[in-house]
Each structure stands twice: as structure tokens, then as C-alpha cells.
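In C-alpha cells below, several structures.
After this come two complexes, each holding chain A, first together with chain B and then together with chain C.
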Partner chain A sequence: MWNSLLTPEFYNSILRATTPILFATLASGVAAKSGICNMALEGILLFSALFGVIFSSVTHSFLLGILLTMVVGGCIGLFMAFFILNMKTDEILAAIAINLIATGGTVLLLLAFSGDRGSSTSITNVSAPVLVIPFIQDIPFIGKILSGQNVLTYLALIMVVVMHLFIYKTPLGLKIRAVGENKNAAESVGISSRKIQYISLVLSGVLCSLGGYFLSGGYMNMFTKDMSAGKGFIALAASSMGGDTPIGGFLVSMLFGAAQAFANMMQLTTIPVELIQMIPYLTTLIGLAIFSYIVMKRKAKLSGK
Partner chain B sequence: MANEIVLEMKHIMKIYSNGVVANEDVSLELDKGEIHALLGENGAGKSTLMKVLFGIETPDEGQIIMNGQEVTIKSPQDAISKGIGMVHQHFMLVPSLTVAENIILGVEPKKGVFIDMKKAVDEARKIAEKYNFDLDVTAKVEEIPVGIKQKVEILKALYRGADILILDEPTAVLTPQETDELFIQLEKLRKDGHTIIFISHKLDEIKKICNRATIMRNGKSMGTYNVSEISTDDMSKLMVGRDVVLKFEKKPIELKNVMMKVRDLTVYNSQGVLKVDSLSFDIKGGEILGIAGVEGNGQSELIDTLTGINKKYTGEVDIKGEDTRKKSIHDIRNLKLAHIPEDRMVSGCASNLNILENMFSNQYQQPDYSGKVMLKGKVIQKRSEDLIKEYLVKCNSYKQNVGMLSGGNIQKVIVAREFSTGPDIIIANQPTRGIDVGAASFIRQRLLEFRDAGCAVLLISADLNEIFSLSDRLAVMYKGKFSGLFTDVGQVSEETLGQYMLGLKHDEELGGVIYE
Partner chain C sequence: MKKAMVFALSLTMVLSMAGCGSKKETEAPATEAKTEAAKETEAVKETEAVTKAAVETEGATEKTTSEGTYKAAFLIPGTLGDKSFWDSGNDGLTKLRDELGADVFDFKVEQMGGNAADMANYEPTFLDYADSGEYDVIITGSWQCVDGIISAMEMYPDQKFILFDEEFDFEGNGNPETMYNIMFKQNEVSYLVGAEAAMMSESGIVSFLGGMDGKVINDFLVGYIQGAKDTNPDIKVAVSMVGDYEDSAKGKDLSLAMYNAGADCGFNVAGNAGLGLIEAAAETGKYAFGVDSDQAALLPEYAEFIPTSALKNVGDALYTSIKRDMAGELPYGTTEYLGFAENGVGLVEDAHYEEIVPEDVRTKVDELQEKITSGEIEVFSSSTMSTDEIEELKASVAVQ
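Here is the complex of A and B:
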């Protein structure tokens, strides 16, 4: 079994497993930069996984399906922003509400659309296509990892760069960072913090919905109940460990993606599957513990000079 | 230089929704190219006037005239676009951004969809050079010292084209060297045609750099003076003083034992600044020791230490002969000490609990009110109804949340709670600040009653009226020390007191501060 860790297929599967986490991590990052912890990622993943299936099957189009799914993600972000910023709901409570609605609501909607409570096998959805990149696919080993990935996987990698440029190089990005760090300072120079946080949450919702679409139309080819399986929370941890930066978040989500890929592969062994399924979550837990230990050390060093 | 008036504020009136009159018919006139001091104690209405000018508050009456035309300033953005910049006392900077990024925030130069960072850095550098500000614009704000942060704030305002700069107590956070440097730069800005409003209560600084000064007291303007023509004594007289003399029937003093003994008390705050400087004093039962002083001269730190909230101190605090160093706040309170805290909303009450719960938060453990497990609901209820009657708390019932009451009634609830324990020592920190006349006079009367009954009272107050009419002995606190102590309070004039409060005078030897 250990030999298979060295095959290009394993590394290929790491990228696949990372994709949904990466989208959600970027989503968490942009919200965090504006000063809001978007804990509703889990619910947004779940909703957009379902709506991805529904929209693509209704429109028979990947492009229309994903666009409409992004609208759903944006709407959930907008909904959340309205409750947090206008109605002054606690952001954690708003997120818990969205996550709970997602758990029950997706099953209800699934039942309505497919007549099934567990999965969407009766609906034919359109998955995101797989791209074979000429030339690169011919490179030995590397070619098999980088080529032949889902188009959304490539998009996720591109989004890391795009989000980095957006947050650090554009006026809006600067405003988002300013609002997240010192709201009063931003307000004092005429920036509407509410507007900036609205934009950030909607953007966060849209980014996250891409990860959701990938779950049911790329990673798998159907929607199953509770298929997000905590990836939204893993992403929250990944983003935080990566300092809420796109690049940092990308690196950490690769680590968690690797844990997921490793767990998937281990399922072929005789070890009880329940134990193996714990791997991604254990990795997250250990990762967070190490991370906060490092931060603590650094702080102690700084204050102690 | 011809006096060209750039800005006039005429007959500004501002009454806050809680009924506090912050500005009453205040007028201010600014000449082009002057440094104009706005002088007054905390709560005199300086900040409110500036908030009106900067568009944070709307005045109830009055007009603002800029360059001969009447204007309304609706928001800070509006003020900025009219060429008014403000440097707040608490900096409005984003720590993780660079100096240049902070300066351009909100008005970023663009190149396509991106910020033109090169241009931003160039422009920031250019403006810094123009005004001789020596700083690295690519440094992160979190890494630069306070003095530089203030320069960034000034540059931020200048970058947005401010002609009129409001500086809110700019030297409060600076070291003497930084202050000198700031003054050189302000002078340069002035010569460059900028007009500067300098808010302060430090007379020596005003003497040093200001051309004119408008003095405020109790929300009113006491007039505008040429700084070169007015002495610091006269300034302090205008700034400190009382408008109405309060009269209380005071019984002759009957001193009991020493209740509180403080020796060589020294306290540093969390930033390592010396706040209380080897202070020694005694208070006996049956007297009121008043402490006057401009806020921030160590009064808060002193009170926190006496009441056991702060434990980091050197020296000795004895209450009724017992050293309190090892005692918890609870233990200290059990020595029959009552404390009316400075800020009633922060440490005086739990605003979302009801009157009954607040009134019993310091005595619910007593056997009168609590059984082994459960509180004695009926007894407590009866007692709180009695206290509401006795202390004239205006409310619907004891079930009303304290936060719903007016300031004066909240204060009465706190006072009722503290006084109902039958204290031997009362520490009253600003007991009547911001409350209506009736409630204030009621609380003062109660303090006198406790004094007559043999209780030791320590009264800290910014209200000179109160201090003068209640104190048996009066100390003035300046920079952590008593700069003066008066045993014959009736003989002290406001002018003298003002001079001690502002550090113009101080006595090395204090007679009668301790009883030996």
C-alpha cells in the first residue's frame, strides 16, 4: 500500500481532495479580512452542492448550472450579511442557523426534486468537465498530476492568485483589510464598513459555492445527504492557520487535502473504515494545536523581547 | 499679517438626548494661519464643539461660516472635503498597513484595477518631505512609535487637503522630546498658511505655541484671548471656577479614629507609567477628605488600589489597622468599605439586570438575605422596595432593568446599594458626575449624614462646587502626588486651587495630611 503513496495518481487525488476545501478556505479568508468569521461555509457548501445538481440538470448546462449556483452562494452571503450587519445578529448564531437550515433544508429540497431522501441518483446532473492540458500531460510523473484535473480544480488554483492580487493590490482589497482591522479608522476616512463587509460576505458566499458545486459535480457525480462532511469547518481552520491569506490558506488546505486523499486510499486496506475516516479531522485538530502553540511561542518571544 | 477669518462658529448650542447641555451659545473665530488653543477641563465642552465642527454631531442651534459663507457639515467626509482635518486622540490607523497605505486609504491612486503603489509611496514621501516629517513611509504602522503615528495622522489629514487641522490633546501621548518636535512642525504648518486648533489643558504648552486661546467652562465660552496678553494664572482662573456656590448645613467636625492609613503608595499603570507617586495620607472617621485634580493625574489608579482592584503597588494601605495587601475585594468590603465607582455604566452596575439584583449584588450572601441554598426572595423584595422609597429612585418597580433608568436614578441605585450596608468608610469617585441637580444634592446630603455619623469619606470629584462645599480637608492631586493640602477649605480661593490643579504651584511640605 505504501508504494501507492509514490504514484502520480495519489498526488493527483490530493489536488482533487483539496479543491472544495481550497474554495472554502479562500471564502473564509476574504470574510476574515473584513473582520467577520464566516462559520456558515459548511451550510453554503451543502446548499450549493445540491443546487449545483438541480440547476445543471434543469439547464442541461455546466456553465449555467455553476453560474446559478454562484448566485445561490452569493445570496446566502447576502442573507448572512443582512442578519449580522443590519439586524445585529451574533455572527456565530447566524452561521449556526444557516448550517442547520442547510442540513434539513437540503434533504427537504432533495426529496421534492428527486423523490429520494438520501441521494440525487435519479437526477442527471452535468459535472464540471475534466481538462487535459496538452504538452503538460506528456511530462512524466508531473504530467499525470497536473493534467486531467477537473476544470474547477484549475479554477481554484487560479483563484488563489486572483484573491491574493485582489486583497493586496486593489483599492477594494485595501479597504477590506482596513475595515477588518480598524473599523473606526476606515470609517474616519469615509469608507462605509457596512458596505465593505456586505461585499466581502457575498464574495465569500460565491467563492464557497464553487467548492460546493465541485462536491456534487466533480468530486462525485451526485448529491448525497450531508456530503460536505465538515469541509467548511476544516476550511475555517485552514484559513486561520494560513493567517487568512490566500497563499497561506492554500498551503494549509493542501495539507488537509492530502490527509483526505490519504484517508481515501487507506479505505482499500483492512483497517476499520471508521478509524480511517477520522484522519482528515484528526489532522485538522493536530494542525490547529501545533499552530496555536507556535503563535503562543511567537507572542511570548515578542513580549519577552 | 492681515487677519483673514477662515472659519467662524456662531452661537453653537448642543444638548445631548440625555439632557446634558454640552455647548451653550459658544462662538469661535479662527484667523488664517494661527494656532488657536481650545482650553478647558474634561467635560467643559471642547470635544463636543469640535465634533460639531467635524460633522460628527449636529448642533441644535448656531451657524458655521467658512470663508464668509454659511455651511452645514453633515459628516466627517463632508468636513474633510471642506478642508477640515482632525487628529483624534485615539489614532485612526490600521496597524498592519504601511504608512503610505494608511495615508492613501480611501483615496487610492489607481493603475488599472490595481492600486498604484509606487505613486502612493511617492506622494506620501513627497508630502512628508514638504512638511519636514522625517519618517519611512514603507514601514508598517504597528512597528512605529507613538510620536510617528501621530505624524502619520497629521499627514493623512494634509494629504486630503486639510487647511484647518484639529488636534485633540496631541501631546497627551507624547514624550517631551516628541512634543518639542511636534511644536516645530506645527509652527511650520502655521507659516505655510494652515490654521490649527489645539485642544489642551496644559497651560505651558499653550503659552509656548498658541496665538490665541478660547477658554471653555461648563459648556460655555469664557472668551477668546491673545495668549501673549493673558497670564497662565488668569487662564487657570477662567478655566477652573464655579458658577454657583452650593450651600450645605455642615455640623461641626467630630473626629474619630483613623479609618484608612496610606503610606508611600506608588502605582505604575500597565504601560509602566508612574501614576501614583509615594503618596501618604490618613482619613479619620467623621471627616470628608476631598481630592481635586485634573483627570488622569493618578486618581483612578489610587482608587483602584485602595479598593483592592489593583494589587500591583508598593507601599502600604491599612484599613482599620489591617493591611489590605493580601485581602480580596470581598475581604476589603467586609471591613465595611463602600465604593461608588467612577464610571457607573462600566463598573457601577450591571445595566441589563434589574434594580433589585443590582441593589443586592454586594450583600446577597448575608444571612439576612440568603438561606443555605436559596435567596430569601420575599425579604430581598421588601428591602429593595424600601430602598427605592428611601433613595427616591424613580422607576416603575424593582423589576425594571437598571439600564432603562436615567443617569441620576442609576447613580441612586448604586448609592443605595453602597450606603445600605452601613459603611465605616466610603470612597466616592465622581459620585454626582453627569446627573441632575436634584439627585446630586440628594447624594451629597447623604455623604454629609454619613460623615456626621462617624464615617470616613474619601471624595474624588471634578466638580469644584462639590469639593468645596463637602470637604473637611482638601488635597489636590497633580502627577500622582498631592501638590497641596488645605485644612481650612473655606479659606481657599478657586484661583489658588486652579493653580495647584494645573501644576503652577505646589507645596513640598504638606501639613496635616497624616495624623501622627
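Here is the complex of A and C:
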């Protein structure tokens, strides 16, 4: 079992487990930066996992499939923004509605498209391809980790940098942060907070839909009922633990991914399974404790001066 | 304005729930998963039934609800179209109706939905059906329904019930004389899968992916381990539990970990999450045994990696139970365990199976099945084992 920790497969499984959570974490981060808690990630993941399968099978193309899925993700974000911003619905209520629609709605749509209720086995979908990087793949050990991952895994990692630059280095990113920090102050200098929040929620939906596509076309090669299995909520936790920043969110989702992959490996030992299944959550708790301790220290230092 | 929105929103939620259960109250033969040919014959049958019913209504209107018709209500905590449990039950009842005619035996399916939000409706649904008094028997299955059925039993002591695939505690719950409980000996069929996996394994390691560490899953597990161990005393069994029945991605990761650790035959007993094992098998070119329905037929893309599937014959069990009840021979107040001897469980043995599994293995499996049927081999069961004994058994074959 300990030898397994030294195999490239273990590190691959970390990256695989991290990818969907990372997309959703970034999605949660950008919404949070604009001052909205996007709790509908779970539902968006599930919807886009289903639509990824449907669109890629209809278009027979990965690119078209994922583009259309992103449109669906954006539309759900738009839908949510409309209710929250125009209709003044409570954001948590709106999110619960979307999550509930997702559990029932995906089954209904699945039934309509495939005649099945449990999984999309009768639909032939196009999964995101695996990318083999020449030269790098020849490096022993590391090559097997850095190369041969799913395209979407690479995209997720790239998106961390892109989102970081977007939020901290662009005018629009500045506006998003301004609205999130203080809506009235932002409005007073002529920023339309509604427009900015619309943009962040749509962006959030699009980012999250990439994670959903990966679930059914990359991680698995089919849609199965309720396959998001709480990943949206884990991402929500990861994002807030990482201070809603892309880099912080990335680190925490890697931690979650690693804890999950480690727990998966641990199941091969004779340690009781109940203990092992606690690992990811225990990691979260410990991580959270360390994190808030650091924040507290820093605050104490600042106020002390 | 805000109130109006809250209202609109709750309407959306209600609609969404209605959406997921939109097929509720379907009359029995409307199973989606039928081939075109089957559909046509079904349609013909339906028209026949309609004409028949029409003729009957012309003759005597009361006859359809008269005492001569044995009526059953099949309440399922899920939906039809699962290609497994509920479909199998529906097929069994449909077969009986086709055989006896709708004026002798008729049944109604109520799909209560399997989402967490639907669970609150189970109890009222049971009460409604028991209250109507129209049904000779109310049939349901699995653990989610037990609480609802107990309260219906207590309120309607004359209503008869059949509960399958969950052990019913007759002590102090309603009128025991109204409950007939069917359990499947999943450990017996699991024994065969274990034996077969051990024979087909070249690495000497087989794997097991379970949903949750619970009684039924452990019954599968102990049978599987025993079957594998009896066939090859040196066998190692890697065991992983997903923790739920939905997370197929996690199921795949767990299975990949087991296959990468050397296992080359696996058995999935984890609902939808178990599909992860099948994908992992296909990805690594190993074998995965199916469960609950003929998964090789359901997943043609992966069929070459699925030698066979372990089945619980819900349909056959209901078919025989109703027949026995009509003859007044159904032992209410008891739990019956259906194994190979009662045709309650079985392996899929078709052309596909013969193609993948070598003949000597198949003959050996048939011999083992006979030995189990005759009682020569006594298969371990989680219901008679303590947690420690199960852990001990697991440890004895653990991959170190």
C-alpha cells in the first residue's frame, strides 16, 4: 500500500479527483468576489455533466459539445442572476431551487434523450481527449504525471492563472472586487453593480460547467444519476477556505484531491473503512483550523502595531 | 414583490419535483425499456385488454372491482426504468397478469421516486393505499420503505403486505399476520461470483467494490470472499466501499486503485457508483462482474469486460408469492429466504457468458451451484456473523 504512494498512478488520481472540484472552486471564487455566494454549483455540475453527454453525442465533437455545455452553464448563471438581482430572490433560495431542479430535471432529461433513468449508457458521448506532451512524457516518473492527463485537467490548471490575472490585473476584475467589497461605494463611482454581478455569475456558471463536462466526459465516460455527489459543496468549502482567491482555492482543492486519493489507497489496507472515509473531511477540518489560526495571528499582529 | 418571487420560486421547486415524478401512476405495462417488437406486442395486448374491459363494462359495470379480481399495489421507492429491481418486479407481475388475465389478477404501480425529497411521501402513500381498501396486497421493497409500511400496518391491521429485500422485524410492529417478507440469498450468488473471479484471476488478486458498509453489501462480500477462498486458498481480495451509491467517479478511482494494485477481476455492488468499476475494468483491460441486472447487455460498449452478472429474481419471487397467496398458501408472518433452491438468485448464463468464461470454469461453477442448492456448501451470511467475524474474514484475504 505504501508503495502505491510512490507510483505515478497515485498522483494521476490526485489530479483527476481535483479537476472537477477545482473548476467549481474557481467558479465559486469569482462569484464570491462579486459578493454572491453561488451555492448552485452542485446543480450546475450535474446539469452540465448531463448536457456534456447530450451535446457531445449530438454534435459528435468534443469542442462543440463543451462549447454548448459552457453556454448551458452560462445560462444557468444568467438565470440565477436574474432571480437574485432583478427579482430580489434570496441567493440561497435560488441556489436550492436550482439544485433541486437538477436532481429531478437531469433524470427527466436523461429519460427523454436515452430512455434510461439511471445512466446514459445508451448515448455515445465524446469524452475530453487525453493530452500527451512530447519529450516531457519521456522523463521517468514525472513525465507520467505531467503528460497524459485529460485536456480539461490542464485547462483547470491554466484557468487558475487566468482567473488570478483576471481578478487582480484587469479593470473588470477590479470592478468585481469593488462590488464585492462594498456595493454602495462601487456604485458611487459609477460602476453598475448589477451588471458586474451578472457578469460574475455567468462566468461562474461557465467555469463550473467545465467541471461538469469533465465528470461525465473525462473522469467517467457516461452520465450517471446524481453523479456530482456533493462535489459542488466541497468546492464551495474549498473556495472559502482558500479565501475565495484562485490560488488559494487551487491549493485547497489540491489538498482535497490528495486527501481523497489517499483515502482511496487506504481502503486497500485493513484499517476500518469508516475511519478512512473520514480522511477527506478530517483534512478539511484540520486545514480550516490551521488556516483560521494563521489569519488570527496575522490580524493580531496587525492590530498590535 | 419579494413575496411574489418567493412564491414563484417555490412553484419552480414544486414543479421540478413534479417533473422528476411525472411518470407517477403509470399503469403497469408502460415500461420504457422495451424493444420495439416487445412494444408492438404490448400495444396489441393493451388494446385487447381495453376491448376486453370495454366488453366487461358493457356487461356488468361492477365486475371489474368485484371480489373475483385479486388486486395488488406495487409501490416502489424509486422509478421504473432502472433495468434492475423495480423493472424485474414489474415484469413478474405483468407476466402473471398476462397469464391469468386482468379480471383475475390486476396490479397498479406507484412510482414514489427515489430522491431524498420523495422519501417524505412514502408513508402517506402507504397509508393512502391501505386506506383505499381496494388492494388485496401492497407490495414494496428495500429499507427505505420499512418505516412507512410499519405505520400502515399499525393503522390498517387487515391490510396485507409483502416486503422484499429488507429483513422485517416482526416483533412488536403491527399485526405480524399481515406481513410476508422476502429476502434474497445474495451471499449464495455472490459465492459463485467469487469462485468464478478466483478461477479467472491470473494475478491471484480479486476485488470488490461495495456501496456502503451495511448488512446487504456485507452479505455479498462474505459470500464473495468465501467463494474466492474455497476455490483458491491463497487468493487475496481487495475491498473498497464508495460510501454512497451515486458517486461513480469515486467508484472508478477506488477501482483503478484496486486494479493498479494487481487485482484483475472485480465485482461491483454499489448501484450507480458501481459503474465506475466497470469503466475502470475497461480502461485497464481487466474483468468486472455485474450485479442486479444483466450489465453486459446494458453496457454493450463494455460487455467484453463483464463476464456475467449476479441477479436477484424479484420478478419470479413476486410471481410465485402472488400465486401462492391466491391459493391461500402464502406464509404470512414469516420471512422467507430465497436462494438457488427457490430460484431467488442466479447468474446470467447466456451466449455472452459462454464466450468469455472458459468451459472448465463454467462447469465448476455449475457444480458449486448444485452443491449450494443441495446444502453441501453452506455459504456465510452477514446476518449470522458478528462484525468481528466479518473483519476477520476480510483480514484473512487482505492485500498487504
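Quick notes
Here is the rule we use: the second predicted complex is superposed on the first by the 262 of 305 C-alpha atoms of A that agree within 3 Å, B and C clash if a C-alpha of one lies under 4 Å from a C-alpha of the other, contacts with A are read in each partner's own complex, and residues count from 1 in each chain.
Quick note on the criterion: a contact is a pair of C-beta atoms (placed from the backbone, for glycine too) under 8 Å apart; a residue touches a chain by one contact, two chains touch by 3 or more.
From a predicted model like this one, the values you see are computed outputs, not experimental measurements.
Within the superposed three-chain model, A:267 lies in touch with chain C and out of touch with chain B [touch as defined at top]. In the overlay built on the shared chain, the residue A:6 is in contact with neither chain B nor chain C. Once the two complexes are laid over each other on the shared chain, residue contacts for A:275 go to neither chain B nor chain C. In the superposition on chain A, A:225 makes contact with chain C only, while chain B stays out of contact range.
In the superposition on chain A, contact of A:170 is made with chain B only, not with chain C. When the two structures are aligned on the shared chain, A:190 is found in touch with chain B, with no touch to chain C. Set against each other, chain B and chain C touch different numbers of residues in chain A, with C touching more.
When the two structures are aligned on the shared chain, A:181 is found in touch with chain B, with no touch to chain C. The part of chain A that touches chain C in the complex is made up of residues 1, 4, 7, 9, 13, 16-17, 20, 83, 87-90, 93-94, 96-97, 100-101, 103-105, 107-108, 111, 115-119, 121, 124, 215, 219-222, 224-227, 229-230, 260-261, 264-265, 267-270, 272-274, 277. Residues 165, 169-171, 174-175, 177-178, 181-182, 184-191 of chain A are the ones that touch chain B when the two sit in their complex.
Listed in rising order, the residues of chain B touching chain A in the complex are 76-77, 80, 88, 90-97, 101-102, 105-108, 110, 113-115, 117, 156, 160. Against chain A, in their complex, chain C makes its touches with residues 1-2, 5-6, 8-9, 12-13, 16-17, 19-23, 32-33, 79-83, 115, 117, 213, 238-241, 243-244, 246-250, 252-254, 256-258, 260-261, 272-273, 275-276, 279, 298-299, 301, 391, 394-395, 398-400.
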